[in-house]
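Pasting a structure below so you can have a look.
Chains here go by letter, A, B, C and D, matching the order in which they are written, and residues are numbered from 1 within each.
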Amino acid sequence: MKVEIKYFGMLAEITGCSTERFTVVDLKMAGLKKELLKKYPDFANTDFRMAQNKELVTDTTLLTGKEIAVLPPFAGG
Amino acid sequence: MKVEIKYFGMLAEITGCSTERFTVVDLKMAGLKKELLKKYPDFANTDFRMAQNKELVTDTTLLTGKEIAVLPPFAGG
Amino acid sequence: MEKKYKNTFKQGAIPSEFIANAIAKHQSKKDIGAHNIFLGQVRADEVDGKIVSAIEYTAYEEMANQKFHEVREATFEKYNLSCMHVYHSLGTVETGEICLFVFVSSPRRKEVFEALEYVVEKIKSEVPVFGKEIFEDESHQWKVNS
Amino acid sequence: MEKKYKNTFKQGAIPSEFIANAIAKHQSKKDIGAHNIFLGQVRADEVDGKIVSAIEYTAYEEMANQKFHEVREATFEKYNLSCMHVYHSLGTVETGEICLFVFVSSPRRKEVFEALEYVVEKIKSEVPVFGKEIFEDESHQWKVNS
């Protein structure tokens, strides 16, 4: 499945882009995370989380392909 | 002993004055309170407290004569 | 010798511009990360069908200013604050107007939450301020803190 | 159909006049007895001998506005509030300037203390806002909430 991924903050700094198309075979979030870490080893230095359709998700969440985002630690306030 | 007493808020409303000279025989605060209640029975309708030299005191406190005040319930804020 | 304490009282309501000005003054304090502000506002309470239109504040001013000072000392001892400011109205404050302004600042937020509540509760319970609630028909009753 | 949420973000720092104006607007709400305001201010922290001069805020705006909305709903459900307003900066906020403004109002004070802390903690932990701390030499590091 083709998915579009949004990057924010220090993660966008690592990728050099704010959105990117990705083709995933494993439809679990864990699979996508593994591929991201392969492409961007520096992601491992941060405590990033995944969101799908504007909700935080876990490794076992199934990809629907809807608005996937990789989020670095929050720093609001 | 002669003492000067300050009244505030609803107590000043009851007494019609904000300071008054009083001659006390009993030198405990309880004695002064009893005399006040005799002169102003309406004081009994409120939860008043006594202060001496700007500190709240109890019935057993001895009168020093220094700045005695009768305080109605606080309503700051 | 009587010690003279800072005067915490302001005549009449506390204007919003005064609050803005207090906030703006803290922009030069660059170790501050969190401000917490409490504002007491006069409510148009209904009592037996009559509506409060204003509160007339009086105080045992000398004792009150001493108590404000003691609350201030106790708060700085208890919490890691950068600044603390308190202002209370005297005289008439109409409904909808501000009668109490408490402002605490600290490098970190945890401190300000606890400190602000501590200060406000202390003021309510320990400072001799008295409030006459004036109704629209000009009758009145005496306010008591709960 | 995507639901569109209210925009909580403001470009740049939040001016003290904006805060004063928000306070003044509540003078017509005569059931309010207590306001509680939290302000986040950018600190000139020192990191390895370098001083922070500003924070540059970015956000996953669509998700953040949805989360702000959810925090708002949860807070009104939990506490008896008359009003609640939240504003967060985007873009550059210099040290000493305000980047977060949370304003809660209620008939009674107990509610505002608890509600304000609840809202601020929720914002810090659940809203995807990111902060780049810019040092005076123009290097930077990414801020992480503690």
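Throughout what follows, contacts are C-beta pairs under 8 Å (C-beta built on N, C-alpha and C of every residue); 3 or more make two chains touch, one makes a residue touch a chain.
Just so we're clear, the structure is a prediction, and the values are computed from it rather than from any experiment.
Peer 1: Using each chain's Cα centroid, which is most distant from the centroid of chain C?
Peer 2: Result for max centroid distance from chain C is chain A.
Peer 1: Quick check: how many Å separate the C-alpha centres of chain B and chain C?
Peer 2: The answer is 26 Å.
Peer 1: Between chain B and chain D, what is the separation of their C-alpha centroids in Å?
Peer 2: Result: the chain centres lie 49 Å from each other.
Peer 1: Among the residues of chain B, which ones contact at least 2 other chains?
Peer 2: Residue numbers touching two or more other chains: 77.
Peer 1: Going through chain D residue by residue, note those that touch at least 2 other chains and give them in order.
Peer 2: 40, 109, 120
Peer 1: Got a list of which chains touch which?
Peer 2: Per the contact definition above, the touching pairs are A-D, B-C, C-D.
Peer 1: Which residues of chain A touch chain D in the complex?
Peer 2: 6, 8-10, 47, 51, 54, 69, 71-77
Peer 1: Considering only the defined contacts, which chain C positions touch chain B in the complex?
Peer 2: Result: residues 40, 57-60, 62-64, 66-67, 88, 99-100, 120, 123-132, 142-145 of chain C touch chain B.
Peer 1: Would you pull the chain C residues touching chain D in the complex into a rising list?
Peer 2: Those in contact with chain D are residues 16-17, 19-21, 23-24, 26-44, 95-98, 105, 107, 109, 112-113, 116-117, 120.
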